[in-house]
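Next up: some structures, all given as structure tokens.
Both complexes below contain chain A, partnered by chain B and then by chain C.
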Partner chain A sequence: MPANGLYLFAVGRGLDPAAISGVEGIDGAALEVVVWRDLQAVVCAVDLTEFGEASLARNLEDLTWLERVARTHNDVVFAVAATGTVAPMRLVTICEGEDSVRDRIEALHHDLSAALDRVEGRREWSVKVYAATAAAEPAPEPPDDKAEVGSGAAYLRRKRALADRRRAASDRSLHVADEIYGALAAAAVAARQLPPQDPRLTGRSEPMILNAAYLVAIDEGAAFRALVQRVNETHASATLEAEGPWPPYSFATLDAP
Partner chain B sequence: MSGVQQSTGADVETAALGQAQMSLVDLLDRLLGTGVVLAGDVLISLAGVDLVQIRLHALITTVRADLRRPEQPGDRHGS
Partner chain C sequence: MTESPETSRSPTHSRPYRSSPAQYSDGPAPANLADILERVLDKGIIIAGDIKVNLLDIELLTIKIRLLIVSVDKAAEMGIDWWRNDPMLSSQAQDLSEENRELRERLAELESGGQADEDT
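Let's look at the complex of A and B:
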């Protein structure tokens, strides 16, 4: 195995290599553009002692390493997306050399072109929706018959009522999430849902009920953000948070999302 | 109720990419869960977002240091 490989960040079209010449790749390596037909692959050299199979299996478990590579990857993709149409690669896509990169572009030329067609002139917006209150845990109703408080039947009744209320709150959340997802999707070119993030990662007590991505025309970004704001104001039971515009990570996929 | 969060201060500049404050969790959502999956010469198993889920504990204890606590046997992984 050669000592160096190429880390593939993205494949694009209409990129201006000069515009990304000042951007650093992995570990400060210079970015290179490998051209094949009408497509351009943005790569940088990486040491295979760090990015070979055995090392990757280990390094991917090291969160500090993972974050450093993910941030570098993201910085490059953002820089590239600012100069042309881009299809970001998944993290740590490594090829042996330029010929290998060209072979892959040739093999996937049709699909890559279709993906780039889908996202050209468009950006991704992330919209997360949180239930307005912390996980449904309504205050227990006062017992209607004090004598019954300690009895097994009363206990079961209270337990069942609580379960019913939780189920109803969860149904309402799903309904609200669907409604919001649809209302925003109507204003986007495409939409998809990602798995809601764990509350322990978001650091919020309210559950995330929707983790959506929207593909929106570049010049409609402001209108989309304003729409999110309006939907937020008309849904008292949910809090919407929009972030973007981002490169079209969730939409530049080889299978139509 | 809080308003919609702005990822960048420049609301008018929506053609520009808004990168500020992209969280690691969002980043991994995208870089591992979406994007073009192209089999490189170095083959690694990144089966979808599994890695994020498998590493949830590492993420929690590292990204959210304020939530750091002893591992609970009943902790669920993933979302």
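Let's look at the complex of A and C:
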């Protein structure tokens, strides 16, 4: 008989277990709620032949497996977050059983409660800023000395000049990104910068000059989205895209920002 | 404002049914794998479970994922299979190595005072 573990999706407070009873966990397993004091851990049973230490190390290298588990994890977090205050767990946090889950909650009760306090009544908004296409690549300059065209020295000079123009364009982009980040942060409870996403991962060709997450009160979401639109309109060199509201992944952390 | 396409079309993965009214309406779950991975791998409550996951591996995985593309189909198209082979053997790494080698040769020529190569 295969051994099971419990896969942790999130720790919450005030969740409505009935609201998530129809939601599927990993590999179609039913979600369960493990209660300890005022906190609730949302879990599902997983097969340790798939989620044991050795198998995990192997499966995490398999993009198909990783994508499936990550999307399921995220879908469950979204479903649970709609019913109450939630601190999502990182992917593949697995405990032996319910006692172990309760032990974790007890040991971390103070920090978990603080994380939940920080995000209660609030949601995360993702704002990504791309350099507007025209400003993305500096225009090439014509050779200034035709007699030297093709020589090694001119070649290196052209390379250096291009690098300088790219650096200047990048500096301008950074300045615009900083300004936009600050303008939106002023309207949010908290803000975080995430690393810009690789174009090969997003399929977007324009450079991403800002990848930010904002914590915004639930009933201020529409106003925040409207602010993003206004900032977008006043910055010709940048394109802003807002997505949300999402569960507060970036803010319900044990290490307070 | 340009809305990301993900916010205006249905998510490609169905959202779980909620049997009771939502306390507030959510935006659709992100369809962009980059958004999901950078959050579920790198954010949230990070604690050690009972099943050991080498945390260093997760961080390395996050870095590797950032270098990857959005779907498995695209990965196959581009021949990306870093999880099986040394990434230094990937086609893109080979292109960069080749360009690097050419630039070093040009520098060597200039430093040695040889005739400049005209084939740039």
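Rule of thumb we're sticking to: the second predicted complex is superposed on the first by the 231 of 257 C-alpha atoms of A that agree within 3 Å, B and C clash if a C-alpha of one lies under 4 Å from a C-alpha of the other, contacts with A are read in each partner's own complex, and residues count from 1 in each chain.
Heads up, the rule we're going with is that a residue touches a chain if its C-beta (ideal position, glycine included) is under 8 Å from a C-beta of that chain, and two chains touch if they have at least 3 such contacts.
Predicted model only: the values in this text are computed from it and were never measured.
S.K.: With both structures lined up on chain A, is it a clash or a fit for chain B and chain C?
M.R.: With chain A aligned, chain B runs into chain C, so clash.
S.K.: After the superposition on A, what does A:Cys95 contact: first (chain B), second (chain C), both or neither?
M.R.: Once the two structures are laid over each other on A, A:Cys95 reaches both partners.
S.K.: Going by the contact rule set out at the top, does A:Glu24 touch chain B (first), chain C (second), both, or neither?
M.R.: After superposition on chain A, A:Glu24 lies in contact with chain C alone.
S.K.: Please work out whether A:Val76 is in contact with chain B alone, chain C alone, both, or neither, and reply first, second, both or neither.
M.R.: A:Val76 contacts chain C only, not chain B.
S.K.: Is A:Asp16 touching anything from chain B or chain C once the two structures are fitted on A? First, second, both or neither.
M.R.: The second partner, chain C, only.
S.K.: Contacts for A:Leu48 in the overlay, against chain B (first) and chain C (second): which applies, first, second, both or neither?
M.R.: Both partners.
S.K.: Kindly classify A:Leu156 by the partners it touches after superposition: chain B alone (first), chain C alone (second), both, or neither?
M.R.: The second partner, chain C, only.
S.K.: Answer with first, second, both or neither: which of chain B and chain C does A:Ala242 touch in the superposed model?
M.R.: A:Ala242 sits against chain B and chain C alike.
S.K.: Would you tell me the residues on chain A in contact with chain B in one complex that are also in contact with chain C in the other?
M.R.: 5, 8, 11, 48, 51-53, 56-57, 60-61, 63-64, 66-67, 70-71, 73-75, 78, 81-82, 87-96, 100, 104, 108, 112, 115, 123, 126, 194-195, 197-198, 200-203, 218, 228-229, 232, 239-246, 249-250, 252-254
S.K.: In their complex, what parts of chain A are in touch with chain B?
M.R.: 5, 8, 11, 48, 51-53, 56-57, 60-61, 63-64, 66-67, 70-71, 73-75, 78, 81-82, 87-96, 100, 104, 108, 112, 115, 123, 126, 132, 194-198, 200-203, 211, 213, 218-219, 221-222, 225, 228-229, 232, 236, 239-247, 249-250, 252-254
S.K.: Please output the residues of chain C touching chain A within their complex, sorted ascending.
M.R.: 1-4, 6-7, 13, 15-20, 22-24, 26-27, 29-30, 32-47, 49-54, 57-58, 61, 65-72, 74-75, 83, 106, 109-110, 116-118, 120
S.K.: Mind listing the chain B positions that touch chain A in their complex?
M.R.: Those residues of chain B that touch chain A are 1-5, 7, 11-12, 14-19, 21-22, 24-44, 46, 49, 51, 55-56, 58-60, 62-64, 66-67, 78-79.
S.K.: Can you check the complex and tell me which residues of chain A touch chain C?
M.R.: Touch list, chain A to chain C: 5, 8, 10-11, 16, 18-24, 48, 51-53, 56-57, 60-64, 66-67, 70-71, 73-79, 81-84, 87-96, 100, 104, 108, 112, 115, 123, 126, 128, 150-153, 155-156, 194-195, 197-198, 200-203, 218, 228-229, 232-233, 239-246, 249-250, 252-254.
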